């Protein structure tokens, strides 16, 4: 069941998605952290961010919207306070980073490069570039190329680029970030969405627009992985609405080498481990492996 | 803190729209004010768990009871569950109410279902004055259990159909003294008023807040409430999480304009 | 409750979405067709189309995928066989048209222009232009402009352009079709998605990729209507996952002048009429009107 | 054709995983082979209605019965329903089996749950030979009802644990004659084989097909099956809808390579 992604060796192809698993440690009362393929910690920025006012979340049919506003204590605090504890877990820890401009991304990357206990970086490009009129890095291939190149130059760590689904053609984005030197591509981030509270006659969350996640988006995410796989030269990591091993296998058969479990961690803090076990059971029953199953529906 | 599948012992309608749910679940220690996240359906709609305060630890450690009101999809599904069926329970979660200092006058102010976290507190302290507010008489039926506890009760109803006509905050204004400690739970507007009254009387005040929740364990950062910060404090401590930093907060720490 | 859309007067703001209500007549045993704002018939092309092989549909969390392949008997047969029966219903009938190239769109439009009983056209631009390397009209503002201009020139009927959600920025598309002379804009069409049958290890529908519809997509659709409303000068018609009046009100408050009920017609053939009645009840209770509620969450 | 909310009269497990559902619903006329679309949940997951054949009109017009097997999410929810609860029922839908010509030898071939649409046909014709195929003995339990009807029954099981060892098509090969008319329902592979056997024997053959359905009334065009077309026919008649053109088709009209 081991898989190699971007040079990181995982016990199994199941990771936890950024922003849905805290720093991992919060889940130790409920699940066996050692049984995960990797832990991706919540998004980190160079400087601390307070996040958005509430309400920040609202439930939707088979999904949820969130606009947390990327609240986090900053890379420095992470390194000082969380990393020492995370080093005790026998599971690779991947740091998810984001920034408001390219220099911030690069500096966050280089800070994480110099410390022990970080197996790789996942670069969240679904953020607006405040220096370039707020255009979202992940919706423009040139912006995406620039930010990934900068991170690539700033670190020797494996770099995974996490794509935004909010584009007309995901293949263009895959090509752009691969050219910029990413070692792997993860997709998808949440899809912009809105719920309106019809009694209050205003958007249900304070930020108005939030990111849609959960089972509702799974068919969109699987399709994007399928499309990405038609051009990708690096391993793909499938994300979006995975709650069971069956769901994860959809992504794997569409072409993903690994998967991430997100919103499902809220429904069951043991979900990711159960997904990993279910994939193992399926592979055993069918005398195959996750690696062999990758892209099985494309053949 | 556990994540378990537990059997329903009973699920009875104790007043129209209000249900008492007995769960065969015996957590090691429960502090008054703590809550659980319930998975009301195996399906994906509704998707998220629902938070409910722990109402009572049943005698003989047989399990715990929750008291809930049917307000939407999730609670409607819950109300249709029968003894013997099982539910996913995550908890006990959050902090609880801190103990009052020695010799303090204990005042509990509850609005509607805000009664739930206060029940175990009264049960533990075996002392105090309960101020209960509801729209009308029907809403007061849920407190009949309280009559068994050793505590004085005063009731206010908006329509005057039971107790004194008016709001629970009217009662609080009459009762509060500087040697009191106030514990409150209820709708945001009420809590805000309670906090002002307590502050004016110079009485410490603890409030239990509610927010929409996804995880219940402090990781999704969805249940943020704004705190009063002082200039010199770091910006990233502006928000606290109701599930993990609360649900009980010192009323003085809250930015009531944002609640 | 009457609303005017593109010069078509509707009894209420609720229409039935193309492809989910047949030719309307199929629903007469189950619902009061006269109580609908408008009936939009299934997509029509110049020539008959057999559609895709099966499986054509699959259920998804709170949604469904379809790849019907736009099966239809063609504009000519519609005019001859269905329109005479539709004329008896006291509800405006809007013909939804599509084509494989611009000339086909224009010819279909002009055929419908010359007959009695069609209140307007809805132009489905979520189709590939086979003459231009298969680029989907609705994902490229230039292609969209060309097709809408051609339809506009070919007919005196009110023209509604139905947008594809599969774009990075929906506002660009709204501007393009308004410039081309559309009288109204409806959104959204289905979102491309995929389900994989993990036992068979292949996509669950024969066409591999299908269109996602139903409640799952509602937050995405509401967000797009909200964004479209920030630039639109013509009325917007909101579509996507509406099953109840509450859902419809989300779209209206986000900026839609009217709505369409799609997949919900399958769950309850009386759904669209119930949505219309529910909107009326809300408006009565709050002493307002659909027109007044349009954009209420923006203020 | 109606769209109604109807009460459940009974919902009993008649064999492991097989349920007989009695509905207080009395449509004007039901033809053998017709079906209904059931809304198994008020929620949005599962979203779509589920199709089920009409198994029996209950005596005294008290309602109708469906016979279903638990295979997934929707049928699991259905199996948990209790008498008194209600369900959305749309129907009766589709065509039914056409009558056999006078003096014909009536052969019914059923595989597993394919038995359902054939039951009312036997009940109506009060004649014929039923060939029933199942994996093993457990699967034959659902036909115990048939023993009350006036019809000869032959059973084949794959593992030989009941009736003859082998497939239902083996029985059909033995029984079919040119003066027979064959009615069949079951898995696609079986139907394909049945159709070949009937064609070789020159016997007319009617098959009831299953497809995933969304609307059940011919509007979503989701349940398409490919038909055999002749060159001169219009391309747009290539596909028929199982829900509205079927579910019963003449086996000769089908493109069995695509089924």
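Lettered A, B, C and D in written order, each chain numbered from 1.
Everything below uses one rule, namely that a residue touches a chain if its C-beta (ideal position, glycine included) is under 8 Å from a C-beta of that chain, and two chains touch if they have at least 3 such contacts.
Remember, predicted model here, so these are calculated numbers, not experimental data.
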Is the C-beta contact count larger for A-B or for B-C?
A-B
Report, in whole Å, the distance between the mean C-alpha point of subunit C and the mean C-alpha point of subunit D.
35
Per the C-alpha centroid definition, the whole-Å distance linking subunit B and subunit D comes out as 54
With chain centres defined as C-alpha means, what is the inter-centre distance between subunit B and subunit C in Å?
46
Going by residue number, subunit B touches two or more other chains at 44-46
Residue list for subunit C, restricted to those that touch at least two other chains
60-63, 214-215
Can the chain contact pattern be summarised as a line, a ring, a star, a complete graph, or none of these (other)?
complete
For the subunit C and subunit A complex, residues of the former touching the latter:
60-63, 65, 139, 166-169, 191-196, 198, 201-203, 208-210, 212, 214-220, 222-223, 226, 241, 246, 249-250, 253-254, 282, 293, 296-297
In their shared complex, at which residues does subunit D touch subunit A?
44-45
Could you pull out which subunit C residues touch subunit D in their complex?
19-22, 26-27, 29-30, 42, 48-64, 66, 68, 71-74, 214-215, 243, 263, 265-270
Of all residues in subunit A, those that touch subunit D in their complex
61-62
Complex contact set, residues of subunit D against subunit B
41, 43-46, 73, 77
